[in-house]
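Taking it in order: structure first as structure tokens, then the write-up.
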């Protein structure tokens, strides 16, 4: 059925020094200055000894909606599902994916059941969907009056901005941090620590609050997430929740240096299946050393990929925020100033 | 700087019969069944006489954050900017983009100024950023105590899920509708009108409400938006707000037929600049007849593209919702049932 | 310090027939027609055999924010707190309130720890705050580098609209339902089942979605919650999250009758302490049979009160929605029509 | 119908020095320490020369939902309503309230029309509802196929947390600010400027962001709003949106002093009608000098009341935030420390 191809150029940013290792991060984007900008962030991080990334959670979710004739029966199923005694049985029935937890939410006689499963190195939507279908079949025995309205009832929640992902996470949750010295802020990033701290407070925290943001407390996480997703064969539509990010900047070491962090609760990535198998995308995964399923430690490839995504977002936030902070100084020279033009291009 | 390319296969869906014209819509995706599924929706729409799309609004936004020493001064600027008497002067000063409106929001002594501009056939972020920079330079004369903290203060809001876009729109706002007859629902979509109406209420409305969704009252708008964005050289990171969509399904004609609509307030597309100039992406725009800047009616190409995006989302919603609604009937045959597997792959 | 009193008149609505018992529900309000309207809803419920209310959860929360010098340490504490092996020790250390669960959320090097506790018949904020203070003191031994920034870090979340309460609940979570026959809808509520179902879909679901509502998928839950809260000595500021409610209306029994439900995840009430001890408020609790601490079953009084609140909201939703649905028919007679004026007064 | 009364004690806080005038602010609450705490904030403000409050907007809203057979017709009405040429005619037809603006939002073939009106010294819901009913009657002539589904379609949005109020305001929008000197922070508030600035960033901005707050970027605005609302006969259920508030704290004067502000977009108050006419509530309005309708400047009484509410919230935020900031220092003395107990009572 495909009639052809679009090509998207891939740039390499890095080395991103993360947890002691160096990564050359592929970014597929039509916006060249995005790679250059992220690269500057990587350099600042590198010059300060690197970033640290920590995985907080790993589980894909799927939430069917089922209906009963009365709310009473929906609550019966809810209590059944939440009873630890039933967990092992349910877990066995899911078969395709390892069940981690169940979160039920009720709207009258309709029950939304958010299953969370570990899915190895796969992004995991297929696995979880199949597992959930099995669980539903199994439950139908004990709850014959259960009416399955849809395998997805939007409490999952996939490819939609939804608080449930922001609050509870979906896929991989990662926090990533670095300390950038005053000197590097000045020399590499061309701004100052107080300017960055203030801009972060007024833009990424207060500004997003004023805008009614949901999980959008950052400058441009989505740019980096999208570029890496496309390069490595992820589902680009999932950048919606995968880009949820709160960027924090705080002055440390007596106000001299900058502590920057990104916290991203819903990074949805895999290193097997789907677009990861295509030639060029596969090469990009190879470049990062996370191609395919990890044999020693199942799931570790996709977890590492999520951590690299967060590390790259850290670099991207650092660089764009610096450009914006510095921008005010050079604003009168806009027309003649190349870096200022870059800013306007990618400023989010 | 680019080290290579990733290729993403492009499938054609359609013909999408929209406002009396037929469009072959290119979708770049690694998920083949997404094209097939959207195609089925297009067929159902075609068989019922086509869909109607209406543009509600067209304007790109950018919102700098400026700071004063006191809130009193921030309100002075707010009242100045909102005074119709000043509008023409401000409009002239923006130069690069035609100013449409200004929405100010205050957080203490910090003012967020959301400028909305028409930008012809360009997506318009660059134009607006330059125009806003000019306005700020101009305002500095009258408000010398204004401290420009950042050219973007996140009240824009770009590439973040934020209520301001959902409530006020960003880029193009489009509503698209069709009436699908009972017969087509049964024969092409393999389900029934009551099943679809109920599923839409329980999944896209109630389910998303339960999930705390922001603008995510749909099944998988993001899938279609992302695929067309990548095919036509749009910024894939902007699918976050471009995918904001409320899908409505109502029984009409005495409950016999289905009225389906998608309302999308923030579709951000252009037909000039950025990735639209690349060879394959340019070919995709050509296929739709919206390549480049329209000479007779500036902006009409990008507006048509936005309408086609909404029309394709309509088709996508129709098809996936039908697959989910039908899924319950065939759930016990999952393993042997090809279409069921497809559902699990793309079910959002 | 008090210089005087304000008096708020108390009306009695009911009997509310709930779980087989009849309750006379006191409502303190300056809006007389609110009591009359709720009363009509109670009558409709009564005539149809009563409503059923089910408690889904009971636990008060408090979430301090603590800071470390690095995110790495914040995650250490997070993993420590989430380890089941540590739960008993932590539980003992809380002393004042029985610990149920802990939900940690990270923003860089800052950790927000949402403790959930059962608090008997007290609303429980004081108990939980003291318990949490003890836990923090205890944790300080193992995490001497933990810097307690505030006993509340707004992840609790108290008296603010926040998704965490909507998604996970706070205080009591209750679902309440009833089936109203076609005849009662017509005779008592002066409207029809299809009108109500449609109005609920377009106003409480789609309308709130369009408005960017958070937990506000109802017509006027806050009116009833506030009136009962003030009558029974609850904290009226807590009506913010206590009013979170999704109202569902569905046609049942072959489309003939109406199934109505309200699901309220965050009802914060107590029957001991605070304003419940005052003379008139205490009398109101007595009227409901829920005064003081239950000796046989600690917590059952406050849980019953929460269920009565939900039952009364059910009645209130039923009546106002009916008035609005009928309002379109009588709109031309506004000036002469008493019930229509009532509607305009309380229509939310 | 009323069977009795509940009494709520009224304390006086102040003098609140606001815009050069001193106000004794009545607060009706069963929580004595709330008055004492707000009083401390008032004292700090007083000692520093007072606060400044500025009204940003004044208009009550009501949004009916109407339906057409096709979205096309809904957009016809939308364009009609948004055409400046029609504004005067519409304005005349509303009669009861002065029309300020109209904001339309579409969901398929359903149109939500948010009318904003000035309503003098009344809170204005009745006025607006009547005016909107008239406008709908008038529109029915030109749009006979318009089906009025409900006089309120929840896009108003009344007594529900909804982004539309946070983004566009409802009732009165007010910003209020003060500079608190280092000395007063130390002596009156028992904490330091850096502690307050940091706590505000981590709790009111980042903490609320993590919690998925909507307009809840404050410590306990709802406590003060509710207490003044009940004392002055306002609708206590409207504290939901009236409490929307972003509290900002920034170090000024070379980091020495504290700039604090509260920005509240949706304060819904009136000085005539409803509960304001009752004896004790009327006395409280008298105490503030805002009783009844202003004859010289219609609307100025209710606007002043809104400004006083914001000023009192400023005092409340200042005091509670200080107590929490100081709380960490005294936490080990909880049991013996009266002020610490107070904190735990009102800490939000």
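Descriptive notes on the structure:
Per-chain numbering from 1; labels A, B, C and D assigned in written order.
Assume contacts are C-beta pairs under 8 Å (C-beta built on N, C-alpha and C of every residue); 3 or more make two chains touch, one makes a residue touch a chain.
Composition by chain, UniProt nomenclature: A, B, C, D = 3-hydroxy-3-methylglutaryl coenzyme A reductase.
Since we're looking at a predicted model, the values are computed, not measured.
Common neighbours of chain B and chain C (chains touching each): A, D. Here the chain-to-chain distance from chain A to chain C, counted in touching steps, is 1. Homomeric contact chain A/chain B: same residue numbering on both sides for over half of the interface positions. Computed centre separation for the pair chain A/chain B is 21 angstrom, with centres defined by C-alpha atoms. Measuring from the averaged C-alpha position of chain B to that of chain D gives a distance of 33 Å.
Centroids of chain A and chain D (each the mean of its C-alpha atoms) stand 36 Å apart. Each of residues 105, 107, 110, 163-164, 166-167, 206, 208-215, 246, 248 in chain B touches at least two other chains. Residues 1-12, 26, 28, 30-32, 35-36, 63, 65, 67, 105, 107, 110, 112, 125-126, 129-130, 133, 136-137, 147-164, 166-167, 198-199, 202-204, 206-216, 218-223, 225-227, 230-231, 233, 235-240, 243-244, 274-275, 278-281, 283-284, 324-325, 327-328, 331-332, 334, 343-345, 347-348 of chain B are the ones that touch chain A when the two sit in their complex. Across the complex, chain D is touched by residues 163, 166-167, 201, 205-206, 208-215, 217, 246, 248 of chain A. Of all residues in chain C, only 52, 54, 56, 69-72, 74-75, 78, 105-110, 163-164, 166-168, 175-177, 212, 214, 246, 248, 250, 252, 259-263 touch chain A in the complex they form.
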